[in-house]
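You will see chain A twice below: alongside chain B first, and alongside chain C after that.
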Partner chain A sequence: MVMDPKKVIICRCEDVTLEEVREAIKNGYTSWDEIKRLLRVGMGPCGGKTCKMLVLRELAAFHKKPIEKLPIRPTAVRPPLRSTPFRAFLKEEEL
Partner chain B sequence: MIEVDVLVVGGGPAGMNAALAVADAGATVLLVDRFYKLGGQLVKQTHKFFGWADRGAGTRGFHLAEDLAQKVKSHPNIRLLMGHELIGAYADGTYIAATWDAHVKIKAKKAIMCTGAAERMITFENNDLPGVMGAGAVQTLMNEYGVMPGQRYLIVGSGNVGVILAYQLLQAGAQVDAIVDVLPKLGGAYWVHAAKVQRLGVPLLLRRTITGVYGDGRVEKAVTVAVDERFEPVPGTEMEHHVDVVALAVGLMPLADVFQAAGVKTVYVPELGGFVPWHDELGHTTCPDIYVAEDAGGIEEATTASLGGTLAGLTAAKELGYPVDEKAVEQYLKSLESFRDSSLSQKVKEGLNKLRSGEHA
Partner chain C sequence: MSYDIIIVGGGIQGVATAYELAKRKAGKILLLEKTFLSAGSTGSCAAGIRAQFGSEFNVSLMARSLQIFEHLAEELDVTNDFLELWQGGYLVLAYSQAEFDGLKERVKVQHRFGIATEVLSPEEVAYRFPRVNIEGIYGATYHKRDGHADPLHTTFAYGEAARRLGVEIRQWSPVTRILVEDDAIQGVELADGTKEYAPTVLLSAGAWSTALARTAGVDLPIWGEKHEILITEPWERVLDPMVISFSRGFYIQQRPHGSFIMGLPPVNPVKWYDPEEFDFGPNSDFLSRMSNEATHVLPFLAQVNVVRQWAGLYEMTPDHHHIIGPVDEVRGLWVAAGGSGHGFMFGPVMAEQLSKWMIGEPMDIDLTPLAFRRFKEGKLVVEPAVVG
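== the complex of A and B ==
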């Protein structure tokens, strides 16, 4: 491949490179949840909108399975769905 | 706390049509959108629409948005909550919308999610260098805020978004170096649009992909390379593009996180753009009180989004016990079906079949 995986960003929020993701997979972290906990992909402000599909593609290549057959817990999404400052939780707006 | 019959999330063509359908049937609606202006993606669409006259063909996108917004704003049954994002959805019908300063608790009997989609990213060297952005982001800056993010552009992806962006950039006086696409043929764009930008001198480079962007603190140069049948780069075919913006029009991904948070079953269907909530043509999901309309249920375009929104709205109103014209429902379903008869909808139809033939069918 003509691209250097050190220079390819997978998660812009947490500055995770393609090399780090491949290294994690090589070290046995072979699901989205594990890689998320290890590298913080998907835990930044965008909540995985940039990186999740890219990581899943790497996992699909590793497992030699299509993305729909990968083990992904469906319940892993929890509120707050968007970055929200604490002060917003403290104040309830009455309309 | 706000109590309403129906919460509609998203004020694009799907959300506005859903809100109007519910409100016309007599139910109360709260429409939430994270922006201050209604219209969703229509706001930045300066071109005239294709399709059918009764669904806006021949009208410019932002005019369609203005007409719909007018109806929404003046409807006595619709309340608007602009500048708020949905940050929580709970199984008991409680929803939380928030700004950066405060939150609003919403109790709704039904919710219609018209959250739309996010732009996809691809991998290449230095892909976080300033100057790399989504094609939709370029459109927002240029068409909505009147800001040109650069002078010379490389567009990656020859679908509708990429090709129309090229035309809009030329109209705004920018230079478009090329449109590249990894596939051997034009993406989902209408051929007339693609022919128009090529006549204006923009090369359409097929079977070619981007491998990197380079520059001191921002994009000064992009490199593309030809690919073979297996999408592997062909050595020696590198090409340099002296551009300051790379606009990525490599597809959209439905925003499914709100469904996942609410406990709705989502399924990965590549033809629909990624994870989508399981749903039928009336907008039902696996949760009886949560409905969906395009693009959150699958990437399509404005016409199907408005039809899908209307259908989901009528369905929710009917299931709350409000009288709904059944003939109208039939008519909208027929319209949706015949709109999807075009060859451009082939992929979506395959995706929907796959989704509905699954275990939840």
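== the complex of A and C ==
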């Protein structure tokens, strides 16, 4: 069964579809780092845990290269790993 | 391959200048970026744009930059939604009488350049911005055309427009050396050993410029200073202005996307000149200091979720102003870097004026006081309104 790329959600945090990802690649945004910054995939609360692999797979198909050979900047750790309210980070004297 | 101009660095400065040069038919242009467009200081910045500066020089530049931002969508054939242009103003809070008096002096300068900044009492702040906690505030200034633009999308939009005008943009292409012979620019060498030639090279690589300039025998006083910042989950619009304090250092704004973006300066800033030293690692002390400041001035934030923190580099200079213009020691070498925390907001106007300078057209705002030679001549440029 072929699914409509307009209806396939690649990034559930930011509601980005497969069609938008393919359009971006077609327009010359040919790395994960650029697509993230163009479409916000991976910028939501999950930090790319689901969408990143899906986007990399699209890029691998486009470049006809294995995922390990795609241009990418090493991932930086960007806490908190789960969304956490400000009140949880207040210094003790303020609590 | 040879070009008329090679630009090193794909942040706002390099990409916008490439566009402005191409628009003025400056010839064949190659832009080289180490990773991807907006990857450095541009892409990690807080996205603020403001004309509330203190020196005539900066106010006149930012008055023009705001004008450019206001018409940028049309200029680059995108939409304001894409640029995430939001003019909800900057609300600058004063936490002492002396600070309030200083802000009021700056407002006089701003008015001379058509920047209609208002002076507000604490009661007026409470009435107009009911989310803001006025405890400890002596007054504030507010300019409604200040605000926000997305640095990533803005850079991408300049990049696409530059490409349409024939600029060649090569990403994932780190420059390792500037080639000089008989005190004149020859071109650049890339990490893979290839060489590209041009009689003019513009170095716009932010804090990375210093190490590159050294390969041409030029010692730029630009260093990287680590600044941390965070972003929250998106909310419906509840806060219009960027809320900032020069004395406490915080800046907090709700983006058009709905998330709140905010930062605070480092407690013990360290000067990094060598990219080997650059460290973008997260710091939990920032998270707790930021939470205390943010929930104090905007108490509703206590229940908002933080999604992510990151670090970027202010590209600092001794007088907190860009180094922009030709380098006298090497014929054909130009620099545009050192925005000292303001590189994104100044990007469009610096690119516009610099492109005129590079092709020998008269500038509308004279940038020559910002040339590298000011350090030799001891003519530093002073700006009182800096945050962080």
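To be clear about the criterion, the second predicted complex is superposed on the first by the 86 of 95 C-alpha atoms of A that agree within 3 Å, B and C clash if a C-alpha of one lies under 4 Å from a C-alpha of the other, contacts with A are read in each partner's own complex, and residues count from 1 in each chain.
Everything that follows uses one rule, which is that a contact is a pair of C-beta atoms (placed from the backbone, for glycine too) under 8 Å apart; a residue touches a chain by one contact, two chains touch by 3 or more.
Since the model is a prediction, treat every value here as computed from it, not as a measurement.
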Task: Would you check which partner chain A:P71 touches, where first means chain B only, second means chain C only, and both and neither mean what they say?
output: second
Query: In this superposed model, does chain C or chain B come into contact with more residues of chain A?
result: B
Query: Is A:E34 contacted by the first partner chain B, the second partner chain C, both or neither?
result: second
- request: Give one of first, second, both or neither to describe whether A:V8 is in contact with chain B, with chain C, with both, or with none.
  value: first
Message: With both complexes overlaid on chain A, does A:F86 touch chain B (first), chain C (second), both or neither?
response: second
Message: Taking the superposition on A as described, I'd like to know which of chain B and chain C A:G44 touches: first, second, both or neither.
response: second
Message: Going by the contact rule set out at the top, does A:M53 touch chain B (first), chain C (second), both, or neither?
response: first
Query: chain A residues touched by both chain B and chain C?
result: 47, 76-80, 84-85, 87, 89, 91, 94
Message: Going by the contact rule set out above, which residues of chain B touch chain A in the complex?
response: 1-2, 79, 81, 85-90, 96, 98-105, 118, 120-128, 211-212, 225, 233, 235, 238, 253, 255, 257-258, 260-261, 263, 265-270, 274
Task: Going by the contact rule at the top, pick out the chain A residues touching chain C in the complex.
output: 27-29, 31, 33-34, 37-38, 40, 43-45, 47, 71, 73, 76-80, 83-87, 89-91, 94
- prompt: Which residues of chain A touch chain B in the complex?
  reply: 1-4, 7-10, 12, 15, 18, 47-51, 53-54, 67-68, 74-82, 84-85, 87-89, 91-95
- line: Counting only contacts in the complex, chain C reaches chain A at residues 35-39, 43, 152-153, 156, 160, 163, 171-172, 233, 257, 280-282, 284, 287-292, 294-295, 301-310
